[in-house]
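Two complexes, one shared chain (chain A), two partners (chain B, chain C).
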Partner chain A sequence: MSAGPYNYSYIFKYIIIGDMGVGKSCLLHQFTEKKFMADCPHTIGVEFGTRIIEVSGQKIKLQIWDTAGQERFRAVTRSYYRGAAGALMVYDITRRSTYNHLSSWLTDTRNLTNPSTVIFLIGNKCDLEGQRDVTYEEASKFAEENGLMFVEASAKTGDNVEEAFLETAKKIYQSIQDGRLDLNAAESGVQHKPSQPGRNPLSNDQQANKDNCAC
Partner chain B sequence: MACFWLNAKETTINIFTTEEINNVTYYNIKVSVGDCNWKVAHRYNEFYELHNQLVIDHGVSKDILPSKKVIRNKCPIFIESRRKGLEEYLQKTLVFLKRTMPKSFVEFLEFNLYDIFFLLQDLSAKLFLESDQILSSKSTYFFTVLELHALSEFLKKPLLDQTETRFDISPVVDLCSQLSSITVSGDSKPYLGSNIILNKLQFDLSPFKCLKVLYLKQVAFESLNSLGSIRCTVQKLHVNHTNATTISQVLQCDVIHKDNIEGSQKWVSLEILDLNSNNITEIDSTIKLALKVTQLSLNDNKISTITNLSHLPNLSQLNLANNLISICTDLHTRVGNLKTLNLSQNNINCCKAFSRLYSLETLDLSCNKINNVEDIQFLGDLPCLENLVLTGNNVATAVDYRVKVLEYFGDRAKNLCLDNEKPSQAELDKVSVLRALRIVKEGKTPDLKAGFAIY
Partner chain C sequence: MPVLTLQRSYKYIMYATKQPSLRIKQADLKCKSGCGFYGNADWEGYCSQCYRNHMDVERQKKSHNSQMPDQSRAQMSGFTKFEEKKRQQTDKKNKYLKSLPVFRKSSNVKDSGRPEKYIDIMRQANPDANKLMVEFITQYSQYGDIVKKDFFKCSQAFSNKVINELEVKPIEDLAETAQNYYNLYQNRVNSNSIYEDVPSEIREKLVEFFEKYTMIILYSFLFCPPTTNDEEKDLAIQNRIRKLSWVNAHHLDCCISETSIEVRDLVYTAINDLLGMDSMKAPLEKLACVVKCCRSVVEVLQHCQGGPVSADEFLPALIFVVLKANPARLKSNILYVTRFCKDSRLMQGEAGYYFTNLCCAVSFIENLTAESLNNMPEQEFEAYMSGELTCVSAWESALVACEGMHQLCEHLAFLKELSERTQIVQNTTQSLRDDMQKLKEGICDSVESVLERTPLIIKPRINPLTLTKEQLFTQTTQYGPQIETTNEVNTCTDTDIGQNYYLQNLSLTQINALDSTKNKLQLDITPCITLPEISKALNSNDFLSSSSAVDNKSIESITPDDNSYLGLSKVNYDIDFSDLSTENSVAEDLTPEKRKSPTPSFVIGDPFSPIGGSCPIAQTPLVPSSVFPQIESKNDGFVLPFLDDTEENVEDSLLDKVEVAPSASLPAPLVPTSSEYSGFSKQGSRIPNIPCSTGDFSSLNFAGNSNM
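Right, the complex of A and B next:
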C-alpha cells in the first residue's frame, strides 16, 4: 500500500495568514504547483493544498490551509488556527499597511495556536524592489524581537518560497526530536501517518470507528 | 440537514410509538433538530447497553433508566409506562450531555448520519485511516450530496469554537483535493429515516482540485453552487438520471445568467461527455462550451433534431440512441467528422442524410422505420463503413435482405459487417451473381444510383 506518493511518516498542519492581497494563495500555489498564478481570485473562506517534502531523510506531508485575508472572513479563518504546527505570516514589502498589521496577526496566532507552533514571517513580492516600502532590516528586527523566523520571498519568481516552507518543517521536526512537541496532544498539528499501529493520535473514540471497508 | 450545535435549543427527542417485530418491542424515537427530523428504532436492551456505557464513561447518574423486567414485559400498560420512562431518560441525558455529545450517544440517536458536524467527524476519522488506500486504488470514490453539502457548509462555518468535541477536517479536504474520480449521487426522496431531501441541499465541488472523472447521478443541478476548478480539470463527465432538460443546465449549472456564454465557462479538458438517461429535449448552443469533446452520448433522452454539433470539431463518436429523431437532413454539414454514429431506436425512415458522412466507420440504425431496401443505396458510397446495423427495421424482414444490402456495397461487401455478422461466402457469391446479371441486363457495369432512377 504505502508505495509512491503515499509514503510519508508525518503529517504537519500549516496555516498561511496575512492581509488581503499580500500573496498568500500565490505562495501556496508556487509551493504546491511550482507555478505562479497570475490573476489569483480572492480566497473565499479557506483554500487547501498539500505537498510531501523530505526533512532529514523523513518524508513529511504538509497539509496547508490558506486563509482568506479579507476582514469579513476573520471569524471563519480563526477556527483553522487551532492545531497548526506551522504558521506562515505574510506581508507585502511594497505596502507598509500590511506590515503594520503584523502585530495583530501575531496576537491572533499566539492566542489561538499552541506555544510550540513555529511562526515564520514572509515578506512577499521581493521581486518588486523598486516599489519597496518596508526595508529588510526593519522587518528583520521585528522578527528578531518576536522570536520569528524571517525571509523575503517572491511567489512570482519562486525565490525563497521553497525555503520558507522547508525551514518551518525543519524547525517543527527539530522540536519533535527534542521532545518539545508532544505528538499525542490533539492540538500539536503533527500526526503520524495512519496505519502505523499503536501510534495513532486520534482518540480512541475515533479509532473505534474504523471499519473494515476496503473500498 | 441537521446542525445540532446551532440548534441545541431547538432539539427535541420523543418516543412516539412502539412496535413489536419478531417478539421484540421496539421504541420508535423521533429526533428533531430545528426543521430537520429523523426516526430511529431501538429495543430496551440497546438502551440498557448505552446507559451502562454512559454511566461508566460520562458520569450519567445510574438510576435514571427504567429498570429491567423479565416476565410480563409484553403487557401494554407496562410498555406504555416504559415508553414514557425511556423518553424521559433520553431527554434528561441529552440535557446532561449536550456540551460533550459522546460518540456512543451520538451514534445511538444516529446524529452521525444526519448532522453536519457529526457526519463529518465520522467521515474525517474514516478517511484519516483510509485515504491512502483510496488514492492508490484508482477507482471512483462515492460521495452522497449529503456529505458534500456538509463539507461545504462546514468550510463556510467551521463551528469548532462552539463545541467541546473537536475534530480535524484536514483528512477530508486533503483527500478531496487529490481524488481523480468521484461519483456524486443525490436523491429526490427523503434520505433514510429522515425528512431530509438530498436534492434540496446546496453543495459545491470546489474542494476537488484535480478531478478528472466526474459521475453525477440523480443530482439536482440547481443545487450545485460552484464547480471550483472542475471546468479546467475534468476529462470525462457522466451525468445520468438527473432532472436536466437542457445541456445548459449541466454545462452552465453554476452560471446565473445562462444566456451569456463566455470563454470562462469553457470545459477546457472535457473529452468525453455522457449525458445519457436524462430528459434533454434539444442540443442547445451551450454544447460549444465542451469544445474538445470527442465522444458525446445523448442516448435515452427526448431529442428530436440534431443541431449545434458543428461547434464540436473533434467529435468522432455520437450516441443518440433511443431519442425522438425522425427526420435528419444533410448530416455532413453538421457532424461531418463522425466515425461512430448510433441512432438506434429512433424514428428514422430515410438514409439519404447519411450519404456524405464519409468518415463513418460504424453506423447503428437498428429499430428505426426504414422500410425500403432501395434506401440503403445511400450508404453504399461510404468508403470507410465497416459496421452497419439494420435489425429491427422493416427492411430487415425482406426476402434476400442481406444480399440486397450487400450488393449496394459492390466490391467492398466483403469488408462490411452487417448486423454484427460478416457476409458468408454464399452471400458474397450471390452478390457477384446479381451484379453479373445486372451487367448483362444493362449491357454495362451497373451504376446503382442510375439504376434506382429507372425504377
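Right, the complex of A and C next:
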C-alpha cells in the first residue's frame, strides 16, 4: 500500500509501567528487536522505542515509552502518561509484591490518562513457572474486575509479547472506528498522519471551530 | 558557580579534533570561524551565525541541484566522521527502521492542499497554548488591547507561515524562518508605536513570550519532525548510552564519589533536572532545564572537591550525569533547541555555555573509544560493549539498594498507616458500642415513660356479690370485663351450669382479687356460655354506633395522653358490655394477656385467644356441650372486631411514644371473617395490628434490644 511520504497512517503512543525489574525494558526490547536483553540496566526516567505494525490493513506506528519502575523517577515518568493511547501494566509473576502494587499503578494510570486509554495487564516472566508466586486465575480475576485485558508473557522466550502490543493496538483502532476516541482531543495519544487525503473526517468540524477561536 | 572566563584567543574547536577528549579548553567550545560565539556540533562547529553563512555558501555551490532532500542529506554528510562511524555502529540495530522510507521523506512530492490540513490539526485542543494565552492576558493586558491583538496577530502569522512551509522546506530552513520571525517581532516591539507605552524590560519579556507561545503551538510539528531522522538518532544514542551503562566516574576521570549518599542525591537532582527537559515544550524551557542540571552538576563537584570548580572538571561530570540519566530523545531535544531557540541565547551567556557543554558531552558519548576512557585496554572496552563483561557498578547497586530502602520505607509507612487505621476502627467500635448502650437505655426509658403515662392496668375485680345490678352498670365505666361477668350473672342465672360456673368464678376472683390476669381471664371466659343470646344484640344499631363513635374519635385527634378519649373509649366499652358482655370480656382479657409475659400456662388459660385455639381442659366441662360449638364459630365472627377495637385504644396510647414496628406475627384470626358485620369488620381490618405486640411489654423490650 502506498500512503504518500509516510508509510503509516497513525501513531499510537504507549506507555509501559510497573515495578522495578519486572521486565518492562525487556518486553519493549523483545517487541522492537525480537531479542532478549539479559543484562538490562535499570531504566532511569524513560526510554522509548518504535515499531510499525499493521491493524486491519492500516499501518500504525507505535511509539512506546518505557518508564522507570523506581519511585525516585515517578515525577518524571508521570509526565509521560499524559496522552497515552495504550498503557501496558506489567508485573512479575515470580514476585508477589509487584502484583500487589498493581492497584496503585492502575490508580495512577486512570488518573493521568484519558478514559479511552486501553490498559493491558501483562504478567511477565511466565517462563519461570517454577518460581511462580501469582496464579494465572488470580491475576485474570483482577483484570476482569478492573476491565483490563490480560496475558501472561515472557520477554525471554517472546511468548505473548507480540500479542499484548498488537491486541492493545487493535482495541485502540476499534475505539477510533467507533468514534469513542476523538483524534482531535488534546491528549488522545493518537496522531493521524495527514498523508492520506480524505482520511481526515474531522476537517469540517475543524473549519467550524476556527471561527470560534479567541485569536 | 565559578566564573568561567572565556578565552577568545583559540581559534579551533574540539569538533575538529579526531579524538573525543574529556579535557576540552574553553575555546574549544567556540565557533570554529573564530567569531567568539559558542559553536555547536549540530552547526558543524560553527556558531549559529557562521553556520548560516557557511550554509549559504554551500547552497550556492549546489544550486544546480534543486532537490531539497539531497540538500538536507548533504548537510547530514557534513557531520563529523564520528557521526558517521557511530551511525554505522547502530545501523544494525536500526535495520528495521532503515528499511522504512518514513524517515527519509522526500519533500518534493507535494500537493498544495496539504498545508491546509496542518492548520486544521493545529486547531486541535492545545491546553498548554491555552494556558499561556491566559497567562499573557493576565500579565500584559494592562498595556492595552492593541498590544495583545498585535501579539496574537504576529504569532498567528508566524505559525501559519511555518505550517505552510512544513513539508516544503527542510527543517533547517524552518529554523531560519523562526529566527527571522523572532527578530522581526523584536524589532517591531522596539520600534512600532503600538508598543510605545511598554517599558523596555516588559518588551524583552514580550519577545521571550512570543518565542515561547509560538513554539508551544508548533511543538508537535517541529519537535522530532517525521521529515527528519531525529528519531533515529534518538534511538541510536539511547542504545549507546544503555550499552555504556558500565562506565563509572573513574573511567571518566571524574571526581564524583559514587558511594557517598549525599553526592548520590545531588547527582540524582542533576539527573532529574536533565530528564525534565523532554517534558518541556518551548526551547526556552528546555534550555532552562539544561541550565538547572548543569548548576546541579557544579554543586556536585563543589561538594566532592570542597572548593571551586574548574571548567576542566565540569565536562566529565556532565558526561557522567548524561550517561546515568540516558535522557529520552536526547538528540531531538538538542536539535530542537539549536534550531528554534533564539540564536542569541545559545551563543552567549550562562545558558549558551552550559548548552554548548551538553552538546560536547553528547558528542563525546557518541564518539568515545577505549582510549577516551582513561586509556582503558581495547579488549576490555570491547568486552564491556558486547556485554561479555558485565560489572555491577557502585552506581547500579546503589540504585537497587535505594529501591530496597525505598520499599522498606514504603512498607514501614504502610504498617504505620495500618496501625493507625486499626486504632480508628477500635475507637469507632467503642463509640458505636456506647451509642448502642445509650440507644438501648433511651428506648427502655421511653417505653417506661409511655407505660407510666398510659397505664393499662387491669384493676382487681370488685367483688360482684356486694353490688346491685345498678351499681354494676355504673361500675362498667371503669371495669368493663368484670362487669361483664357480673352482668352475665343476671342473664345466665336460669342456667344451672352457668350459675355454677359463675359461682366458681366468683370464688376464684375473690381468691386472686388483687392482681392476676390469668385468673381474670379464666373468669371472664365463663360468660361465653351466654353467647348465643347476645349474638343477636350484636346486630343492634346501638353497638354499631358506639363502635363507630370510637372510630371517629380516634381518627380525629387522639394523643396518648388524651384522657377524655380514654374515658370515652371506656364508655364505649361499657355500652358494648351491656349488650355483648361475653365478647367484651374476651377482648379485654386478650389485651392483658398480651401485655403480661406470655407464659405458656397463660395461653392455655385463654380459650378465646387467637393463639390459644381450643379451650383449656379445665374449663371445657363448664361449657354446655350444645352451645360450645356455636360459641367457637360465633367467636370468630364478632369477638375479633372487638378485639381490634380494644387494641386500637392501646395503639393510640402507645403509638407516638414508642416506635416499634408492628409485629407481623399477629395471628390471622384478628381479621374478621364474618360477612355479617361487614361494616365493622372493615373497620377492624383497617385498624393496624400494632397494639397486639406493643401491648406485650416483654416482647417490646426484647424487640428493642434485638433491633440494636
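Side notes on the structure shown:
One rule holds for everything that comes next: the second predicted complex is superposed on the first by the 187 of 215 C-alpha atoms of A that agree within 3 Å, B and C clash if a C-alpha of one lies under 4 Å from a C-alpha of the other, contacts with A are read in each partner's own complex, and residues count from 1 in each chain.
Basically, a contact is a pair of C-beta atoms (placed from the backbone, for glycine too) under 8 Å apart; a residue touches a chain by one contact, two chains touch by 3 or more.
Since this is a predicted model, take the numbers as computed values, not measurements.
In the superposed model, A:Arg51 lies in contact with chain C only, and not with chain B.
Legend: residue contacts after superposition of the two complexes on their common chain; A:Phe36 is shown touching neither chain B nor chain C. When the two complexes are overlaid, the chain among chain B and chain C that reaches more residues of chain A is C.
In the superposition on chain A, A:Tyr136 makes contact with neither chain B nor chain C.
In the superposition on chain A, A:Lys13 makes contact with chain B only, not with chain C. In the superposed model, A:Val76 lies in contact with both chain B and chain C.
In the superposition on chain A, the residues of chain A contacting both chain B and chain C are 4-6, 45-46, 48-50, 65, 76, 79-80, 186, 193-194, 202, 206-207, 209-210, 213-215. Only residues 4-8, 20, 32-33, 38-52, 61, 65, 70-73, 75-76, 79-80, 97, 184-187, 191, 193-194, 197, 200, 202-203, 206-207, 209-210, 213-215 of chain A touch chain C when the two sit together in their complex.
Within the complex, the chain B residues that touch chain A are 102-103, 121-122, 125-126, 128-130, 132-137, 139, 142, 155-161, 166-168, 170, 173-174, 177-178, 207, 209.
Partner chain B is touched in their complex by these residues of chain A: 1-6, 11, 13, 45-46, 48-50, 63, 65, 76, 78-80, 82-83, 186, 193-195, 202, 205-211, 213-215. The touching residues of chain C, counted against chain A in their complex, run 93, 96-97, 100-102, 105-107, 109, 111, 113-114, 117-118, 120-121, 123-127, 133, 152, 155-156, 167, 220, 226-227, 231, 234-235, 238, 242, 245, 268, 271-272, 275-276, 278-279, 324-329, 387, 390, 396, 399-400, 402-403, 406-407, 410.
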